[in-house]
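Mind looking over this structure? Questions follow.
By letter and in written order, the chains are A, B, C and D; residue numbering begins at 1 in each of them.
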Amino acid sequence: MEPKTIKRIGVLTSGGDAPGMNAAIRAVVRAGFYYNLEMYGIYRGYEGMIQDDIKKLESKNIAHVLERGGTFLKSARSSEFRTPEGRKKAYNNLVKHGIDALVIIGGDGSLTGAHLFYNEFGIPSIGLPGTIDNDLAGTDLTIGFDTACNTAIEAIDKIRDTATSHDRLFFVEVMGRDAGFIAINAGIGSAAAATLIPEKKMPIERLVERLKARTKAMKSSNIVIVAEGGKSGGAVEIAEKIKKELPYYDIKVTILGHLQRGGAPSSLDRVLASKLGVFAVEGLMQGKYDVMAGIINNKVVFTPISKAIVGHKEVDEDDFRIAKILST
Amino acid sequence: MEPKTIKRIGVLTSGGDAPGMNAAIRAVVRAGFYYNLEMYGIYRGYEGMIQDDIKKLESKNIAHVLERGGTFLKSARSSEFRTPEGRKKAYNNLVKHGIDALVIIGGDGSLTGAHLFYNEFGIPSIGLPGTIDNDLAGTDLTIGFDTACNTAIEAIDKIRDTATSHDRLFFVEVMGRDAGFIAINAGIGSAAAATLIPEKKMPIERLVERLKARTKAMKSSNIVIVAEGGKSGGAVEIAEKIKKELPYYDIKVTILGHLQRGGAPSSLDRVLASKLGVFAVEGLMQGKYDVMAGIINNKVVFTPISKAIVGHKEVDEDDFRIAKILST
Amino acid sequence: MEPKTIKRIGVLTSGGDAPGMNAAIRAVVRAGFYYNLEMYGIYRGYEGMIQDDIKKLESKNIAHVLERGGTFLKSARSSEFRTPEGRKKAYNNLVKHGIDALVIIGGDGSLTGAHLFYNEFGIPSIGLPGTIDNDLAGTDLTIGFDTACNTAIEAIDKIRDTATSHDRLFFVEVMGRDAGFIAINAGIGSAAAATLIPEKKMPIERLVERLKARTKAMKSSNIVIVAEGGKSGGAVEIAEKIKKELPYYDIKVTILGHLQRGGAPSSLDRVLASKLGVFAVEGLMQGKYDVMAGIINNKVVFTPISKAIVGHKEVDEDDFRIAKILST
Amino acid sequence: MEPKTIKRIGVLTSGGDAPGMNAAIRAVVRAGFYYNLEMYGIYRGYEGMIQDDIKKLESKNIAHVLERGGTFLKSARSSEFRTPEGRKKAYNNLVKHGIDALVIIGGDGSLTGAHLFYNEFGIPSIGLPGTIDNDLAGTDLTIGFDTACNTAIEAIDKIRDTATSHDRLFFVEVMGRDAGFIAINAGIGSAAAATLIPEKKMPIERLVERLKARTKAMKSSNIVIVAEGGKSGGAVEIAEKIKKELPYYDIKVTILGHLQRGGAPSSLDRVLASKLGVFAVEGLMQGKYDVMAGIINNKVVFTPISKAIVGHKEVDEDDFRIAKILST
């Protein structure tokens, strides 16, 4: 597409927050300044776009945000943006501020909104994959995923201390409603006895067998990783089933919950977010619209948003196999 | 009391594990070596004493344990030790190994057992306060408490990132079934909107008022710390009550759970455990029996176990007042 | 003293920064608001007082600062404040803003300045001990010390990993120019082979002997903690001397340096800073001037600044003894 | 090549240790058990192979090592292995134990040794890239690199706290003697004012200019990352040059040093090490000899060691460009 001349970029974060979103915002803004553009922060996602919660950003706004979790632009769900009236209002606000391009940082819901908005109003826009779930096609890694994995294993390392001291069996529930990426990484990274992910159903009998085999092998601690909302149920549900089968076990459940969303981003997430942020601005200047900037085989690649949100990324079969071999 | 000549000390950990227990064991053993004593590890607490799970410890057994969470001697609950027959069996095993003194590291249940055992068999013994709950009289600080507080605020720091990004209200449940020490520290240390501890009942209306006041004051995040098992209910229960009163709030609950028990001990816990461990051995050599070594006003003090387990330590009123002033 | 009515408190941080300073500032400001006072931030310490870098603080200024290292009010050395003219200028600026009381957070240099200033102009002022060195009389603990100890042992834990893998001897230099508090804590907390502190001269021969003894005992790693600027020289100097005596050792030096000054404050430092901050404001309201608020035996105590800066706090002999026993 | 039947695999770590080596050893051993092989640990690298420091490994030897930094098999430099006599001795020891295949975990020096040894004695062997420097061809990532980057940015985050509080200029030296990978990642990840890497010479004037420009732009902190041993000199040297040009700056130097080598491995390093460890064993069983298992575009790839050690991996030009854009 023949690139339009861009002068003012608006940037927003939407959906569940993820560590590294601040690093991505900073990179977008700083790259904008590098190319002499004016940069606007749209607060609270699409909701702020509708309610005109939009401010010009200066250098000081992005000082010391790179290393912080969360998003200083805040995020919110917007039901009004799902209506044509809402989106029209939002568009009018952009026009009012002279914003002629957008960078949207978020998960698949946020990118779906971006795609819809682009098709209605044609305002040049690029999406960045910001979600701890790593479930977007068009990128090997989403911003926030690596940090969430590190947070999970650090927590599980602590749990293992007490599990080992008491010869206990722990069920640890990690995030990832539709995708077992955090779970499979945490499972491998924490020497888990088993890892239950949404993509694969593990019959309760198989889990019982494996735990029994480990008891025979005198393993001193047993940690089972459970992805939330998996087909076999959450950690509480599975723990109850196992308790019936193995009543002599001392069983505990820990749900890591929202602490997986926060925290200073890891080195990888900072670099990933920084790189994608710069490419987003450069992509807009080169006429790449309605695409998501992702990382594939270590290179930045622009994928049409329509593809990024439709495709379903699968947990690598190798990873699943490795997890199994190492848990025996 | 005229000190008996001591040659072989047995050391054990009992009850819930706490970070710093390994540092305490190491200090006991190393101090024993320093004074040319033989040192024995009694594994799995009183249960191992009954089942003769007792091994001579050497220097290599305590290498690289100081910095690890949990207890390499393991811990277990023992119902048999509650019977005279069980205790007799345990005593016979000590005699068999020629163990003529004991160091017991644990909470009030473990120390109660030690007191009983001393009165029945007269074997010189000293207790060390090892519990994250900080609820023992006879010491300003228990081993593991400081680490648990640090773990709690680090987790809450992460939760605050996401709370702030979404303007959410989080109820975070911390450990401390009968004592609000972790909760009050976490409350002050995380700028909590309110802190609910077992020692004080806060009517739900007061909490609602305070949250409403904060909303008016445009506070961007609201974190309420709840000690588990408090009089007002756990975090889930309270969150549900608040949801009825403040339905427009976006409310989430996180239960930190067992990760508070693990992790590398903090500097303070390492130093405290090391100091008490050395004093325990020296105390035994000086004829101080049936006492707990604790820290009071920065000095090591020996308190009769009978007093340490009876007295109830209260959360400092000043701390409670400070928490309140700073949460407004 | 009959308390003057106080309406506007200025708060500043001065000297080397310490983790927890932000928590202290927040507590001072929030306590001020609680008592309906107006609060002013004096930026860059005494230098900012002279240059009128003074701003009224509002609630939003202290949001999300408690958990951050450093000081958002910044700190600076001021040579001009050492002159009567400089101090006069500073006083005039306070008068201009109607500031009728001061809270000064810093080390002994900063408190000396506060004392001088109070005696010249009589403006009610209270000092808070903010320094990682823990070298102030009038308080058992200074704000920042506990965090610095934790930072030191976390770094040394990592160094131990590589020391053990290679059977190396590491000299690790920690901060504390005139006081060995960080060193002695790090020494105990990291199972160091030896700890060299400014307060005690250890002849190089004794250190050589101890290292040789450890080699015989097959200790797999040797870490020697050195306080910067000790009588026996810094880590580099001592390492060179040892190299001459024990040439077959694989010796490395690490100087931890300024990373010990930063980082999120520990739970203990947050609570300490919060408590002292509230008491500082209340102390001013009660007519306690020219004093430092410190913690002694777990209670807040006001000590005349003249005493706090003159007295020299010594490393506890017990701590030194414990370090020695545990390093054999 | 027609695969030989393998029954006993020896595993060793060699060269500078790296976080994740323990995870790699564990994966190799556990995969060996999965395929019913006998597994032997060769302690202290090639030196232990020569001195017959070789022990059969059992399940308990690899319990709770995955999450620990360093290598429990230890590492050492061996000058004797550089002689034909030394290697012959080493080979004889393998024969004595019936070890019929090797997994060597280390950097390019270690792999060069493995290549030489294979060509002399034909014993099936596979190398794994274990080094924090990330400078091996044949893999996108080496085991330990990600952890070292995280350690570096966490330390720099702390340094930034104090740099900002005092408006100071810090030169932080990170590891990477011949390769700027850690430096460039730390530079992007810590919002550095400049990053000096071995691969690119930056004239001191350009650095001075950039710092002056930042001063004008009122940047409150300035951190310059310097890779050790770069063409422009180390951090101390460069800091001195800058001091002459910008005498009014408050300049400090921190050399992160060996703490970058230790610490619990990151999630990514645990998963990478686990995966490569399993593939190494499977590769040996499939007749893949004298190769290194690496990760390229997210897939495990076997590269002849002769290529892996010759090729020089370059810092991505994009990364360098991003670092520059984001530091302006």
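Definition applied: a residue touches a chain if its C-beta (ideal position, glycine included) is under 8 Å from a C-beta of that chain, and two chains touch if they have at least 3 such contacts.
This is a predicted model, so every value here is computed, not measured.
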> Taking each chain's centre as the mean of its CA atoms, which one is farthest from the centre of chain D?
Replying inline: B
> chain B to chain C: how many Å between their CA centres?
Replying inline: 28
> Between chain A and chain C, what is the separation of their C-alpha centroids in Å?
Replying inline: 39
> Using mean CA coordinates as chain centres, what's the chain C-chain D distance in Å?
Replying inline: 36
>> If a residue has to touch 2 or more other chains to count, which residues of chain A qualify?
In response: 157, 160, 164
>> If I apply the definition of touch given earlier, which pairs of chains qualify?
In response: A-B, A-D, B-C, C-D
> Inside the complex, what are the residues of chain D that reach chain A?
Replying inline: 26-27, 30-31, 33-34, 59-60, 63-64, 66-67, 140, 146, 149-150, 152-154, 157, 160, 164, 185-186, 188-191, 217-220, 264, 266-268, 270-271, 274-275, 278, 297-298, 300, 316, 318-319, 322, 325-326, 328
> In the complex of these two chains, what residues of chain C are touching chain D?
Replying inline: 13, 16-17, 19, 21, 68-71, 74-76, 151, 155, 157-167, 170, 252-263
